[in-house]
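Which chain is which? They are A, B, C and D, in the order written, and residues in each are numbered from 1.
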């Protein structure tokens, strides 16, 4: 079995850094009310090797430390860590193998996103924030059982039809989000819950007005290329 | 009257430990928004004697200390403690006497779980998280008045028909949850509110899709035997 | 004009104590999400003189100190304090003059209680927690403009028809609660919002089942006479 | 290009003060749950020069410092600051140029206010709190793309028809609020979300009762001229 000692100092340094980042980002899941108890996880792929860092399975958020984060290869084999990795490890690994631009993956069961997932309905694109972040509706993916890479395949297959969209609502299950790093995927998870809640609320008091596809395209283009610090 | 001084040092040591655990776990009830003011309680049964540790009655959460936790026997008689025990003590005791694998009991009035309880509807099993934690729907139990062991009997009788399920929604009242220790019961209370909220939200925007019984069984089996750190 | 220096040392000591209590209890309004910005107030009547202590008008909760609390007589005239008292002062004073057992009054605009108030509907008694705390439905009071004692009169007149109930939902406005001291009134305010939210949620997924009047009476009697530390 | 060094010491002192105020007020956006991640911004116009201070673009709230706030002129040109200003800068600037009494502007995507914006419905005036703060319904403004001053023009044009109202719900987008300073605009943002949530909730359980226009006028007049510390 391969161990972290077999990797270069550069890789080991990145592992140390990413462990801190991934551990810290779990606090953002609770900060934005995206998770209850242990029901969500963050991973980040390394730049310097085909490895990823992911949350250990079934550990409460207040007990997470950088050292408890598990390092696996992109087939989900543990390379370093005293704890068993998240039950979703094989799915995170599948996503990294099949989406080369993705370096961060997040899974939650956030309340309103999961409500949409339970009904099997895409969240319609009726908010400028959705045009910005998702470039269209947030799609529902297939029903898959946890424990294999099937959920990861469902995420990848669904996103093929929604280029640029960082979120999938896995049916009866909850959202998976991806990004250029773990922070971007956490942000997408927070945005997914926010738009899920807002559009849900809008449907209770009327019919949300759709945004024209041309306007959605303009919003998404500006957001991806102009917004923020460059 | 029996007092704690009549018990062995081993029992007194466990009492001290469990008082700390039970006092600390009440902070998780407020952490996950499961209670308002004093409206919820946690107990844990001892391993070393037929005793349990439970919250005092009507005391605000910020005033709880390990020393204020009340020790009773499994008929609800106070063995140690300066305060009166929770109004639900006889029901906790009944559950421990009739469910020998249960060492933790929690009662809350959490908002969405209690909303289901008010309508008398079971929460249908439409989320993988429900398959994991509950192995099926979350059932409603009978209407019973507080103050006797009747509520405990309602919980036990209802769970006989739902083996493996750790939660009952007592009609017009609120959820009771059980577990292998108090922490497991608190986790079940947090999960009960989360799925109650999510399925409630799903019903406002469509028809939640049921999960096949065979898939529910697979989810529950994996969660009980594979998930977490073993 | 009368000033606090005209009162006995005993009264001045009680003023000091009650100012601390009332200032501290405002933190419970934000703790339980009952208020936004400055939109709620707590007062307590003194035992040693016909005086009350109330929040200053329009001051943000994080800026409140015991010293900023205003002392008025039971006609609402300022006896001590550098700031103008709450706009609701005359109504608090009216309640104290007409309900001799009441020593605490709280007003909020808490979200779900105010939603019921906007529709003019009483909250039906479908939860054991309502039987405990309110002894029946939470009633709606008349529409009255702020600034005079009219709101206080509306509260008193409405509670005459609901003996033992500590809450009124003033129409299009928000809840007022009363108690044996300010803490009891704050507790009633927290309970009012909780049951308003829960019954509201129940109505979205079915028809909440009423509790028999005889059972409500038993719940209320036990709660008022047995619950808590005696 | 003009720089801050070209301005008088008085202006530079005010810039320093307003940077602290604006940075601090962003914490109130998260305090009252008005924003997720980076999705909201506060600005304040100076009294001593035709300048404004605004949030940098796409920076997380916990990373904001007074020094990171950007100073621009009232055409949106950067005068001082290491970061790019908010994407909404041109719209804030437009509002300041066209509403001379406005010295504070806030934009959020707060959940329930944005839900109303998605449906294109004004929030009807059915709460005394709305009479106080808004003097009538909260109006919906036009759909406009972000990045130019078009949103600011939509805000100004909409408020022309609602004198005294400090909030507009930009269609499919979210609320903009204005005030005599940034704190007043933040307060209006918090109040907008609160009344959006309350009226939304009221519509789920009945028909909110309208308040008579004469009563709304009385409420608004008292609130603007009597409420608070004068």
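Just so we're on the same page, a residue touches a chain if its C-beta (ideal position, glycine included) is under 8 Å from a C-beta of that chain, and two chains touch if they have at least 3 such contacts.
Computed from a prediction, not measured in an experiment: that's the story for all the values here.
Applying the touch definition from the top, give me the chains sitting in contact with each of chain A and chain D.
Joint contacts: the list comes back empty.
What rotation angle superposes the Cα atoms of chain C onto chain D, in degrees to the nearest 5?
90
Same or different, please, for the chain A to chain B contact, judged on whether over half of the interface numbers appear on both copies.
The interface of chain A with chain B is built from mostly unshared positions.
Using Cα averages as centroids, what's the distance between chain B and chain C in whole Å?
So the centre of chain B lies 32 Å away from the centre of chain C.
Taking each chain's centre as the mean position of its Cα atoms, how many Å separate chain B from chain D?
45
By the touch rule stated above, which residues of chain C touch at least two different other chains?
204 - these are the residues of chain C that touch more than one other chain.
For the complex, give me every residue of chain A touching chain D.
Of all residues in chain A, those touching chain D are 32, 126-129, 187, 190-191, 193-194, 197-199, 201-202, 204-209, 211, 215, 218-219, 222, 226-230.
Enumerate the contact residues on chain B facing chain C in the complex.
It comes out as residues 36-37, 39, 56-59, 83-84, 87, 109, 111-112, 114-116, 118-121, 143, 145-147, 171-174, 200, 203-204.
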